[in-house]
Structures are given as C-alpha cells and as structure tokens.
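Listed next: structures, encoded as structure tokens.
Paired with chain B in one complex and with chain C in the other, chain A is shared by the two complexes that follow.
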Partner chain A sequence: MFAYVVRRVLATIPVMAIVALFVFSLLYIAPGDPAAVIAGDQATPQDVERIRASLGLDRPFLVRFGEWVWNILRGDMGVSIFTNLPVTTMIQQRIEPTLSLMILTLCLAVSIAVPMGVVAAWKQGSWIDRAVMGFAVLGFSVPVFVVGYVLAYIFALELDWLPVQGYTKFEEGFFPWLENLILPAIALGGVYIALIARITRATMLEVLQQDYIRTARAKGAGQTSILFLHALKNAAVPIVTVIGIGIALLIGGAVVTESVFAIPGLGRLTVDAILRRDYPVIQGVVLLFSFVYVLVNLLIDLLYTLFDPRIRY
Partner chain B sequence: MHRRTLLQGTGLALAAPRLARAQGNARTLRFVPQGNLANIDPIWTTTTLARNHGLMVYDTLFGLGRDFKPKPQMAAGHEVSADGLTHAITLRPDLRFHDGQPVLARDCIASIARWSKRDVLGQRLTVLLEEMRPTADDRFEIVLKKPWQGLAWALGKPSANICAIMPERVAQTDPFTQITDYVGSGPFRFRASQWVPGSVAAYERFAGYVARDEPADFLAGGKAVYFDRVEWHVMPDPATAAAALQNNEIDWWETPLADLLPVLRRNRDIAVEVVNTAGALAMIRFNHLHPPFDKPEIRRALFPAIEQTSFMQAALGEDKALWQVPAGAFTPGTPLSNSVGLEVMTGPRDPEAAKRALAAAGYKGEPVVILSPSDFPTINALSEVTADTLRRSGMTVDLQTMDWGTLVQRRAKREAPAQGGWNIFCTTWEGLDVSVPGSHQPIRGNGAQGWIGWSTSPRREALREAWFEAPDQAAERRIAEELQALVWEEAPFIPLGLLRPPQAYRRSLTNIVTGGPPLFWNVRRG
Partner chain C sequence: MAEPLLVVENLQTHFRTPDGINRAVDGVSFHVNAGETVAIVGESGCGKSVTSMSILRLIPEPPGKIAGSIRFQGRDLLKLSEPEMRSIRGNDISMIFQEPMTSLNPVLNIGRQIGETLRLHQGLSAREAEAKAVEMLKLVGIPEPGRRVREYPHQLSGGMRQRVMIAIALACNPKLLIADEPTTALDVTIQAQILELMRDLKRTVGAAIVLITHDLGVVAEVAERVVVMYAGKKVEEAPVVELFNTPRHPYTQGLLGSMPKLGSSLTGTETRLAEIPGLVPSLKQKIPGCVFASRCPHATDFCVKVAPALEPKAPGHVAACHYALKEGAIAA
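Coming up: the complex of A and B.
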C-alpha cells in the first residue's frame, strides 16, 4: 500500500510537467497583451513596448518557460504582472474561501444526495422516487447562477435572513462563516446533489437485486440495516468515484458561484487573471488546481480499499 | 429545551454577527468601484481605478475646482516670474507623509520628475523644462525655457496620470516599474496588508493629514474626511452589487448597469445620481493606416448617418439626464467646448446621403472590421450601433466581439485588417481628459508616435502646440474652435455624445463631491 502511494505521488510529477507545458504554451499563443492592458488607453505604442520589455514579455518562449519551471522547482510561482504581489501570496489570500465553499458544498451534497438516492431506490417507482429524479433533472438543468440569484432574492432581499455577498473568515466565528457560505453552497451543490443522487439510486437498485440482500432479508435484517449496512456499503465504490470526479465540477462551478456571491476565492482570481492576461497567476492557479485534482483522485483510489476489502494495491 | 427556545436562540446566534457588523459599519464607507483595483501605482498605469486610488492616497500640488481652474492644494502659494519662466511653489506648513515624515521640496521635485516621464502633459513639461531646484525645505522652483501658463493645470489635473506627490525615495522608482512602498501624502492611508486584489482594498483616514481650511471644491479646497475607513469591494456581477446595495451591505456603487436603474430607483433608501458630471466622451476611432478609412473623404462621408442620440440611448437608455448631445470635439460643458461646425451632427440624418458620399469617395465595398469588447457593456452597445449605422450607409461590416484583454492587443496591431488588424473601434474618454487640447489624445495628429489609430495631421499638431503657449482663455477658445473645425474636416474620430452614467448610493450618504471621479472626502453619513 505504502509503495503504491509513493508510486502514485511520483506519477504526479510527469502529469504536472505536462500540465505546466500545456498551460504555458496555451497562454503564449492565446491573444491578449498584459502590457497593453496595463498601459491603458492613453499609452503610446512606445509606452506599451517599454512596459512589455520591463515585464520580460519580449523574451523568447523557451527562456521564459525555462525560467518559470526553474522558479517553480524552487517553490517560487512568480509575481503577478499587475499587482506586483507574489502568486503564492495571492493564492494564500484566496484559498480559504474556495476550500470552505467546496468543503461545505461537499458535506451538504453528500449528506443530502446519498440518503435521497437510497430512499429513491428503496421506493422505486413511487412518488418519492419520481420526486427525487425530478429534482435531479432540475439540479442538472438550472444554471448555478440562476439558483444563486433566486436564493439571494428570497433569503437576503425578501426575508433579510442572510447576506447577499461576501465572505467571513472561519477564525471570525462559525456562524458568520456559515452565514456567508450557506447560500453559495446550496447554489453550487444543486448539480452535485443531482449527480450523486442519481448514481446512488442506480447503484443501489443494482445492489438491491443481489442474492446477499435477499439472504439478509431472509435472516430477518431490518430495512435500515439492509439499506445502509449491506447495500450502501457495496454500492459505495461507484458513488465515491462520482464524488471524486465531481470535484472538477465543483472547481468549475466555484468560478461562477464566487462571482455571483462576490466571494474572494480562487475561481474569481482565475477569471480576473485570464481577463487581464496575468500569466504568472493563471499558470500558478491552473497548476494548483491540477495538483489538487490528481491528489483527490489518489485519495478516492485509496478510499476504495475501505469500502471493498477485495481491492488491494 | 423547548423547540421554540431553540429556534429563537439559533435565530439570535445567526443575527448577532450581522447586528454587530452593522453597528461597526457606521464609520466605514463601503464602496463598489467600477472594476478590480489590480495595480496601485498611478504613474505606472493610466487606468482609471489606479487614478481613483491615487486621488485618495496621494495629494497633489494643485487641484481643479468646479470651474476647472487650478487652485493651490499642497501648495500654499504659486508665484510666476514676470517673464513667465520661473514658477516658485511654496508648500503648506505641516504637510506629512503617512510615515510621519514632512513633505519637502525635494519630494515634490522627484515626484514631478517621475510623473513627467509618463504623463502626456508631463512630457510637455520635460520638453519645456530648464531645471527644477529646491530653494528651501518648503519651497522650490520650476524654471522653463518658454512660458507655459498651463503648468498649474497639468500639476493639478485629475485625469491619468495625476501628479501624485510621493516621498523622494519612492518617486525615484523607474516610472516603468511599479512602486512597492505605498506611503502617500493624501487624506487616506492605503492598508496594503489588507489588500486582496479582485476583492477588497481598504483605506484608513490619515490622522496626520491637514486639510485646507476651506470648503471642498472638487479636487481643490478642504479634503476633510468623515469616515475612519473606506473599503472598496470588487463585485464583478452587477446583479449582486445591486442586491448588496438594496440590502445595505454596501453604501455606494460607482457603475450601476443601466438595466438595473429602474429597480434601484424604486428603492426609497437609494439615490441614483450623476456624480461624475464631466462624464465621458464617446467616440468612433478610425484606423488611418488602411483603406477605406485612410481617406478623410470616406471618414467624413459617415457624418450624415451618425445619429448621436441613438448611440446614447443604446449606451444608457432613454433618460436624457444621463447623456448629452450634440457633442463636438471637446467635452460639452467645459470651457473649450464650442459649436463650430456642429451642424454636421445636428442637421437631418440621412444614411442615403452617406451612401452617396461613400461611393463618391471611392468606397468599393471592402469589409470594415469593427472591434467590440463583450465585457464593457457601454462600449459594446456603441459598437453595435456603429455597425448598424455603417451597414445602413452601405458598408460591408465585420463586427468582431472579443474580451477587452484581446481587444487592446488587437487594436495595437498596425497590419491590414485582413492580416489581423482592424478599421474601427469605439471607446469613451474621460470628460476632463478631452476637455483641453493638451491631454486630448484622439485629436492629436502625430501619426505613428501617437495614439492608436495613428492619425497624421501637422495642422492639428501645430494648433495643439499653440494651445500650450496661449496667453489667456480667449486665445485657448480660438484654438479650440479651429481644432474642432479641423476635426470635422479631417475626421480623426467621430464624437458620439457625452455619457454621464449615474452612480447609486444609500441616501444615508450626504455631501458627495460631484464633478468627476468618486472622491471620499467631504462625504458623510447622515
């Protein structure tokens, strides 16, 4: 097991190298010029050229790429072209809101979606099943920003229960933290709940047909015990896989959610950086997201062994 | 525990932080700027946001009053020698930087030197400058080779770049490199440690700032601060900003979307007013390097088809208080604005006449590439109307929509449109920038050295030079009239009207300084 983990962690290095080359090349060929954005409307072409030179953007691709990789290897992600702040500082400033949003969404989604899926499978064909599936279709169909606006309108503007926007750090108290995040988490969690609920239902339906479930019933096991101890544990592998894959969905959704609720997270940082062509920030954030995604997949692989003892690495 | 008690307790626990924050917010002004404050050196960049930040953190030697005339601000006085060559400036006593150090003549000289390498009027000073020398700790002289009566105006103008007074050690930074020391001289201290670019920028009242003992007068007069703290909250989503304003989570929103104005106006706690009365002059800019707009006859041919009202309505809606037409080459309402030749914009509109004029000028149906930024709704609207106007005039239009980051790179290309270049883009210029020939980039005719579009006109350049040496405002007006006549003749750009986008703020705010950019002195709560 330990050897497997080491192998997988080492395998992230070539993956990250490919991601780095891909991102750097993509930004190199993409249209847009940060020097022109910085210089503003009044600048002459000479001003723009001078700014470009001062930022080192006039140097050849290989020189810039080599320097960037060398700095990354030393733990230096560079400095933002626009803010003059280290990329690591900018990521540190933004990582807590995004992590908070994703963790809360994940907890909310799993704690709602899995029981929903289980109950829908148990009551297959009933109105409960249809309601769950209807909700799943709705969750997939309605864009995150629409859900966000509707929630903000009802709970902030009409009822005045929650704030429309912003983020309060966890260290300032659990309730203020929760108050700012609950609406974004619900908005972002909609698609995720729909996805997990559907997969849970489908997997549970398959498991509930198995012989060992019939055996458990014959032995007099209760319904709750059958559903959550016997069936759910055996259905867990596909569910955990979908939860892992869904992390990418969360990362993408966080960009929109953070914009709608003005949360200063990594999603907004990425969008702002892309719009301004702040190359070091884009490269740093994409690299971080890729790394997180690879690690999450590793974690999911390791979780399989918990749910299915037959899986060995 | 009873269920009702539990519910009440939970409700109170949730509400308590909001109540506490509401009480704490009374001395904090929460402002949503027009965009993200991404860089904070008002000399390094010409962005409006950096300029607005600069006006808070740095003071200037002079400031424009409501009459657009410069008045001493950090300067106690300003004496000009009889030959007009030596400007002696004495600093007010008790001026201090945010680190507590006194503001000295050498700080001002270094600041002017840095500014003059980037700003368009500063570059004029560089040409005219003989020397700058301190004559005492609180007094220095600017010696010119030729008289320039516009010097005080240049040092006090609010348009980018402002002549921000920084400590000498900071002002010695290369003007093409960002500063890293944020010690300023203005009424607000920038809290760099709390700055989260793209989210929040915080400012605290600088207790050591000594305001002039005068009422506030736009950028002149007393800059008395009534809030302990000002926070800029970046909100990219207009609907969120509108909801936050209605929910009393912010106090002031600089750029409410025109579509959301009716909702905001219905709220009796919110005022929707024009704060920047100088507004922004909208215009069509041509690429003078490539056909068909390399010929002035073709550029002029479009005049009969241009209906300024349509452009304004597309940008800001039907409310005539939010825009002004007709507009000529200079910002309407400012001293040099004039009506010479304005009939080309006010006569009957006739796209058919434009079609005939285009044919007569030799237009043969070649495609016209218009660049439009999707992320700037106002300019996008102007571009759409431009495309429609050109089509109705018989031109073949290729409207290309892209994000601003791509557009600014694309429009810098000098290649032919077929090779990735362009023919037209629409833009807006701050009203104060284009109120005088000196800082009016679109009116210039310095070709390849000039602003994007690369218009060449020795006559316009000569008139601009003459403006710098104009002895009085009457002479300035005559030059402005001649320049406007040349604009109609050579058509380096087409003015589309003056936009005065409103700002929205809670009615609890009073005494907001109007005239130009959002200013945070004089304003108070209640």
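Coming up: the complex of A and C.
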C-alpha cells in the first residue's frame, strides 16, 4: 500500500511537467504580443524590442521554460505585467474565496446528490425517482449564470434573506461566510448535483440487483442499512470517480459564478488577467488549477482502496 | 400432537408480468417438523426457489404477490409487519443461497458479515460480534478463523464462502434453515464436505432444514421427507426411502430415471439415461388438467381435462396422478 502511494505520487510528476509545458506555451500560442500591449499605442518598434528584452522574451523557448520551472519550484511565479505584484501574492489574496466556494459546493453537492440518487434507485419508477431524474435534466441544461441570477433575484432582492453579492472572510465568522456563499454554491452545484445523482442512481440500480443484497435482506437487515451500507459501499467507486471528474466542472463554473456574485476569487482574477493579457498571472492560475485537479484525482485513486478491498496495488 | 414448526398452506406466489400473470407457485402445501430435513425437488423453473423465498417474504412485492398461509411456530408470516418479519429473518429462519461466489458482500469483511445478524438480533457489540464470528468460523471448519475473520470474500474459495454463508445462517441458532441449492455451484468433493457439514451442524444446532435442490443424490443423502414440485404445484410427497423405492407420480419416476448410476458402464448394464421429453409448460396460462400431462408417457384425454387431486397412496405418501390412482404403482 505504501509503495503504491509513493508510486502514485511520483506518477503525478510527469503529468505536472506536461501541464507546465502546455501552460508555458500558452504565451506562444495565444494571439497578441504582451510587449506591444505593455508598450502601449505610442511606442516605437525600439521600445517594444526593449520591453521584450527586459521580459526575457527574446531568449530561446527551452531556456526560458527551464528558468520558469526552476523559479516556480522555488515559489516564484513571476511578476504580474499589469500590477507589478508577484503572482504568488496575487493568488494568495484571491485563493480563499475560491477555495471556500469550491469546498462548500462539493460538500453541499455530495450530501444532497448521493442520498437523492440512492432514494431514486430504491424507489425506481416512483414519483420520487421521476422528480430526481427531472431535476437532473434541469441541472444539466440550465447554465450556472442563469441559476445564479434567478437565485439572487429571489432570495436576495425579493425575499431579502441573503446578501446579493460579495464575500466575507471565514475568519469573520462561519455564518456571515456561509450567508455570502450559499447562493453561489447552490448555483455552481446544480450541474454537479445532477451528475452525481445520476451516476449514484445508475450504479445503485445495478448493485441492488446483486445476490448479496438478497443475502442482506435474508439476514434481517433494515432498509437503511441495505441501501447505505451494503449497497452504497459497493457503488462507491464509480460515484467517487465522478465526484473527482466533476471537480473540473467546479473549476470552470467557479469562474462564471464569481463574476455573477462579485466574489473576489481566482476566477475573477483569471478573467481579468486574460482580458489584460497578463501572462504570468494566467500561467500561475492555470498551473494552480491543474495542480489541484491532479491532486484530487490522486486522492480519489487512494480512496478506491478504502471502499473496495479487491482493488490492490 | 403439537403443530409442526412450519406449515405452508395453499401457497400461491404470482408475478404480474407485461404478458400476463406468472403463477410461479400455485397452491403448494407442506409442513416441516422441528429438527426435520425436508427436501423440495424439481426441475429449474418449477417454483422451488420461489417457494423458499416466499417463506421469508423475500419476493419483491410488486410485481410479486404471495397468498395462502405460512405458519411458523403458529404465527402466520404473511400477516406480520415488515419490522416483525425482519426480526425473524436471519434469526428464527435463515437462508443459504445457491451462489456462494456472489452471495457475500464483496466490500465487507467476513467477520462483519457474520457479526451483522448477531448485532441485529442479539444486540451484541461490534467486538462481541467479532469474537462470536471467529467461533462460528471455527464451527464451520474454516482454518485460522482469527485471521479469516478480517478477510474479504474474494480471498476465499467457493467452498469456504459457502461455509461462511452457513456460519452467517447459523449464527443466531435458527429453528429453520432454508438451503436453496447450497451445493449446486460447488465442486463434487466440496459438495460432499458441505453436505457433511450441514448434517453435523444439524445434529449440534438442532435446526430443521428445508433443502431446495434438483440433485436427487443430495436428497438421498440428507433428507427425511421429499416434496416433488412441478410447474408450481406439489405433485408428490413421501418419506425419502419410500419415494426412491416406490415413486407414484410419473414425473418423480422420470426424475429418478434420469439419474446416472455410478458404475453402470463397468458392470455391462449400461443403458441410455432416461429423459423426460419436452419442457416445463409456461406458467402464464391456467392449465385445466394435470400440469404434467403434456410430457407424461401415460397421459390420457382425461388427464388433459381434469386436474388430479393429491391423494394418499401410503402412510405419509401423497401423489397427484389419476393414473397412479387407478392402476396402483406404475412399473418404473
């Protein structure tokens, strides 16, 4: 088991290297010349050349890539072209709201979607099942920003129960934090809930047909124990996989959600950086998101062994 | 005389299907005395498994529907609430299934699965249940029970898993054990071991057994009384020796005739195995006459029109056949 963990962690290194290479080449692939942007409209070609040299853009690709990776490993992601602040500082300032939003959405979605899927599978064909499946279709088809604006309109503007937008730091208290994040989390969680509920239902339907479920019934086990212990543990591997894959959805959705609810997070930072062609920031944020995604999938691989003893490494 | 442990009367288990009602079990009655082993035999699809599942009410309702009465220790199981039924399952009546490879939960360890019934029905703590599980594993002849109790089903062989199933079934000292084809999926040598084990445990635990099987060899080995089922109906019932010596129903005779005899090729008496021509009729139409008429070598027009009643042929021996009634025993 320990050897497996070590091997699995080591295997993430080449993945991250490829991600880094891709992120770094963004600068070349993307249209527009950052040096020209910085220099402004009035600049002469000499000015642009000077700025390019000062940014190091005139040196060979691999040299710059090596230098860039080396700096990142030392915790230096470069300096923003626009604000002149170190990228790491900018990310540090913005990371809490995004992380809060994603974790809250994850917890909310899993704790709603899994029981929903389980009950739908148990009551297959009933109105509960149909309601869950209907909700899933709705969750898939309505975009985050529509849900976001509708929720904000109803609960913030009309009912005045929750703030319309903004973010309160966690250290200022759990409830103020939650008040600001609950609507964004619900808006962001819609697709995620739909995805997890559907896969839970499908997997549970299959598991509930198995002989060992009949055995559990014959032993006198209650319905709750049959569903949530005997069946759900067997259904866990596909469900956990989808939860992991869905993190990518959350990252993408967070960018939109933060714009709708004016949350000063990494999503907004990314959008702003893209609009300003602030490459060091774009690279930093994309690299961070990729790293989180790789890390989550590593965690999920390790979780498999916890749910299914047949998975051995 | 006190009432038997289990009395099944006019059991009817029907399934609603898109193309009509499937009468999987249609009016079956039998009883099991305390400590007795009763075998239910018949071909695949004759309703023997559905009968056993109906006793524990493990048939999903709907589409299933169980009618009649199943009295266990004087209580009609069909009238109990679901929680009352749960307190009987795995406690007073427990069950062993045909497929040891798939009947154990792959993601829970053996100790937990044996301990589950103990925790449910006897209120043991997790630690007590595991200690008792180790004891049960020792009882069913699993070596190194202390280590095995922490293992998972995939780490055990088929025979071992069936031993674990037996350990689960016997953990709460049930009064009745229903074994649905407990040896069918196992190697012959393992079959013998499991049968031996069941016989031993029956002596020590004193549970009555309902053995569902299509293997007459197994029946001869362990049963005291035999119920023969065909197309959802009981066609014959007799003490085991009597059934093997003087089968009254043509179907029973067919079953016995289709049994291979060991060594017959060596003694030069090798004959072709008798087979029963045709298939079990569809259970979706009501058959007015004898259910076996379409495959019976002795069937007459009368058999097709009028269903034979179960008639006593000898003490403890009943059969449902006009022919057997008129002519006495049919020469096998």
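Throughout what follows, the second predicted complex is superposed on the first by the 280 of 313 C-alpha atoms of A that agree within 3 Å, B and C clash if a C-alpha of one lies under 4 Å from a C-alpha of the other, contacts with A are read in each partner's own complex, and residues count from 1 in each chain.
Here, a contact is a pair of C-beta atoms (placed from the backbone, for glycine too) under 8 Å apart; a residue touches a chain by one contact, two chains touch by 3 or more.
Treat the numbers as computed from the prediction; the structure is a model and nothing was measured.
Asks: More residues of chain A in touch with chain C or with chain B?
Replies: In the superposed model, B touches more residues of chain A.
Asks: Once chain A of both complexes is superposed, is A:I112 in touch with chain B (first), chain C (second), both, or neither?
Replies: Neither: A:I112 stays clear of chain B and chain C.
Asks: Pick one for A:L302: touches chain B only (first), chain C only (second), both, or neither.
Replies: Touch status of A:L302: no partner.
Asks: Which partner does A:P264 contact after superposing on A: first (chain B), second (chain C), both, neither?
Replies: Only chain B is touched by A:P264; chain C is not.
Asks: Between chain B (first) and chain C (second), which does A:L85 come into contact with in this model arrangement: first, second, both, or neither?
Replies: In the superposed model, A:L85 contacts chain B only, not chain C.
Asks: In the overlay, answer first, second, both or neither for which of chain B and chain C A:N234 touches.
Replies: Second partner only, chain C.
Asks: With the two structures laid over each other on chain A, which partner does A:S54 touch: chain B (first), chain C (second), both, or neither?
Replies: In the superposition, A:S54 contacts chain B only.
Asks: Across the complex, what residues on chain A touch chain B?
Replies: Result: residues 31-34, 36-48, 50-51, 54, 80, 82-85, 90, 93-94, 149, 152-153, 156-157, 160-161, 163-166, 168, 173, 175-176, 179, 259-262, 264, 268-269, 271-272, 274-278 of chain A touch chain B.
Asks: For a test of understanding, state which residues of chain A touch chain C in their complex under the given definition.
Replies: Residues 210-212, 214-222, 229-230, 233-234, 236, 307-310 of chain A touch chain C in their complex.
Asks: Can you check the complex and tell me which residues of chain C touch chain A?
Replies: Residues 56, 58, 86-91, 94-95, 97, 99, 102-109, 116-117, 120-121, 152, 154, 165, 168.
Asks: Over in the complex, which chain B residues touch chain A? Could you list them?
Replies: 13-14, 16-18, 36, 38-40, 44-47, 118, 120, 160, 174, 176-178, 180, 196-200, 233-237, 239-241, 243-244, 246-247, 249, 375, 402-406, 408-410, 412, 427, 429, 433, 441, 448-452
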